[in-house]
Amino acid sequence: MFSLAFGIGTQNRKQEWLEVYYPEPLINPSDSLLAIISSLTAYQGGNQAMPLDPSTIRSLAEAINIDSQKQILEQFQDASSPLVLTVLEHDSSLTSTPEAYLKLHLLSHRLVRPNQINLEGIFPLLPNVAWTNLGAIDLGEVEQARISARVSGNLLTVSSVDKFPILTNYFIPKGVRIADSARVRLGAYLGEGTTVMHEGFANFNAGCEGPNMIEGRISQGVMVGCGSDLGGSASTAGTLSGGGNTVISIGEDCLISANAGTGISLGDRCTIEAGLYITPGTQVEVLDESLQQVMLAKARELSGQDDMLFIRHSRSGAVQCRTNRQAIQLNSTLHTHN
Amino acid sequence: MFSLAFGIGTQNRKQEWLEVYYPEPLINPSDSLLAIISSLTAYQGGNQAMPLDPSTIRSLAEAINIDSQKQILEQFQDASSPLVLTVLEHDSSLTSTPEAYLKLHLLSHRLVRPNQINLEGIFPLLPNVAWTNLGAIDLGEVEQARISARVSGNLLTVSSVDKFPILTNYFIPKGVRIADSARVRLGAYLGEGTTVMHEGFANFNAGCEGPNMIEGRISQGVMVGCGSDLGGSASTAGTLSGGGNTVISIGEDCLISANAGTGISLGDRCTIEAGLYITPGTQVEVLDESLQQVMLAKARELSGQDDMLFIRHSRSGAVQCRTNRQAIQLNSTLHTHN
Amino acid sequence: MFSLAFGIGTQNRKQEWLEVYYPEPLINPSDSLLAIISSLTAYQGGNQAMPLDPSTIRSLAEAINIDSQKQILEQFQDASSPLVLTVLEHDSSLTSTPEAYLKLHLLSHRLVRPNQINLEGIFPLLPNVAWTNLGAIDLGEVEQARISARVSGNLLTVSSVDKFPILTNYFIPKGVRIADSARVRLGAYLGEGTTVMHEGFANFNAGCEGPNMIEGRISQGVMVGCGSDLGGSASTAGTLSGGGNTVISIGEDCLISANAGTGISLGDRCTIEAGLYITPGTQVEVLDESLQQVMLAKARELSGQDDMLFIRHSRSGAVQCRTNRQAIQLNSTLHTHN
């Protein structure tokens, strides 16, 4: 059994789900919990999102002996919004909006890691929603809601029109700071000790181990290792648009300085100087400890190596990678087989 | 007859307009509609913004037979906020705040295009406003409102202090996503199929045809063609501050990669590599299909050409434009006449 | 006597301060005001933050004859939130959350300038807070508040999880525009005539003299002189993470163009071309008025000089500083003594 969670959400006027909030999603729930659920609900196995009525909620609240889940169910008894029980027997392709929201929650609750669950089919299952001060509103209903609010002396403000909501409106992971919440999507994985500054960004299915100082952009699929910093406006090349098709990663104790960027993976202890963008096709002069050039490589051949310092020489204009003998040996192997 | 619209707005304590919301602005309204308006209001021709009282609203709601306008007027009958009818016979220089707001609406409703209407005089007519969770507040009144909110156990939050409000608090164009609404001003033109990611930005009187992926900044006056992408933090040089005085444009199927930028116009199918900024004065080695240098040009001489790929050579540090014979021939003409 | 202020704030369930709002902080308050305070409160000298009960508030409101302070106290009489009187005899290290908030207010009210007050100990005294539409909430209490809001049909939205709140939720300095308030922290100093565009950012204890166009990032400690522009995504290297340990400054009438950055201080009338990042270790060819190279310097040797134009030569790829004779003479001195 992969995951289950009790949720409360928003539907449009056609009773289609716009979003679901799961206060305490569970990974690998116990057989005993599953037995209770099977006996009190229509659950028959497989992946299912089932609406919950008040009497089922009551029975579940009485039967379940996991404190945190029991408390949620007790509070759900008074809810006017639609409730749902989502059970995922397998981590397979997504088939409904509540399932998609559950997987995004699992990532942000650190119950699973980016690139390690099946998110196939997520885009069409996430409706594009107007995220307003009055909650999630269907795009076909928002303009009427806006006029109604205005004439009654109220205000409808729309902070985002997107398929993904922002993380902090669903959960705040332990030990993080997020200076501007608009910049971190639900589904981002932020390890303990992460600070996302105002210019930082983390997409869904992406994130960092913590501790990290994130002032740049973590694209979908990218994971940043412990102790690494992304400087202001630093870019990690993504795969959803404009970039290549290889998901990159950043190792530990790296620094991608302000306004720099990378289209290749970095191992541990790598630095890219401020303002320099390394693309996979960048030709790089590889220098050893005594600054002697030992090879010329395409940046993609250096992908994933440790101990690399990338600069653009300020006099010759050439992109250089300063590294050590061990790194170069590894590189040579890659280079030869390229 | 250029445009007309019924609006509801906010005034400060001196009954000066702070902002106006027009649910359904009309371009080129019909003569019959105009006849009704002339008979029931004080409208006598020209460009005018006229306050509307409840009985006039009622008469107009009864007389007008355009469903969408009728419905708005019916809802306006219950409004406690000030109402306005703004009629623009001509697209001439702006003379009032309601007029300025109407033109911004026309752009965002895709009823007119950037650079094709007269926005002369807009800056002084748009008051600098505190945009709060309690609505638009005059800057001279906001600190008292803040204390009052606090002592009564409420909260005044100010999301922006600006002359321009954000688009999505007035209208959500069809078929767009805007991940962080704070980044798109009312007056931006976003074509169907536009996604503005968190790092994207669109100023008023600027925008894109759609479909587009906008993760960079569209400066005032700049229009981006269909199928073009702006990568994260990509910059289009503006004319309001710091930049030059030529409004640039981006053609179709272009890619301005992450952290790149341009101070010249691009035709169709152009690419600027990640991290490279092309200013008008940049000297560029122009190379043909076989990578032979055929000329040396200032970037401004290449402005608007198709099929250009701009890179900074990673070994020589020289800025290069790789293009094809046809493009070069056009360029040569420009070059000669420079 | 350094400063005093009456504040109203938020405490968590353990009665610990989360934040304090001071409507009208005073710098160098008069002896007569201090005498009144000493006679009506427990204040005995030194730096103290004292809770205020309704009867003390009433007595103070009657006794104090400074209109603005009297009015605040009169309004405070009806408050349900906790009230505080914070008195700082000396500008010494911080010892409490109300003191830290008072110093941040002093900076943003332009009563003191960045780098000129003692902010020692500020980080541990600022609790990490969930800034929500329902006010500041302790991180240990926010998830329960979220569920409660949802089941009662309301919404808890969290705009930031940070030690520092945003400026405009506390005060709007006179004569400024801040397009996206999330980007300016309380404690930023924004001079009259400042426009912070959507991509601009100002940290606490940092800012600009005004008038300025800020579309880039002002890091902690950095001060920008009058008439200078930071282009979109322009970076000023900070000292809190990733950067060096020297706080830099920008003089008057400078332009750091879009996507450019500096790790050295600039004097007056300096320009850095779009996309170029000057780090302290960058080797720079220094050219005179006739573009003859007169020296080769590390950028840190040029720190603080006037009349410098930095470019990366578009053909040779070399970083150059074009300047004038006088600047070069000053530089030579620095260079010699390096």
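Letters A, B and C name the chains as they come in the text, with residue numbers starting at 1 for each one.
Here, a residue touches a chain if its C-beta (ideal position, glycine included) is under 8 Å from a C-beta of that chain, and two chains touch if they have at least 3 such contacts.
Owing to the predicted nature of the structure, the values given are computational and were not obtained by experimental measurement.
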Rotation in the CA alignment of subunit B with subunit C, degrees, nearest 5: 120
Interface residue identity across copies subunit A, subunit B - same or different by half: different
Distance from the mean Cα position of subunit B to that of subunit A, given in whole angstrom: 31
Overlap residues in subunit A, where contacts from two or more other chains coincide: 133, 159, 182, 233, 259, 275-276, 312-313, 316-318
Subunit A to subunit B touching residues, read off their complex: 128, 130, 133, 139, 142-143, 146-148, 150-153, 155-164, 182-183, 201, 217, 233, 235, 237, 241-243, 259-261, 263, 275-277, 279, 282-285, 296, 312-313, 316-319
Partner subunit C, residues of subunit A touching it in the complex: 8, 21, 23, 72, 75-76, 78-81, 133-135, 159, 168-169, 171-172, 176-182, 198-199, 213, 215, 229, 231-233, 255, 257-259, 273-276, 312-318
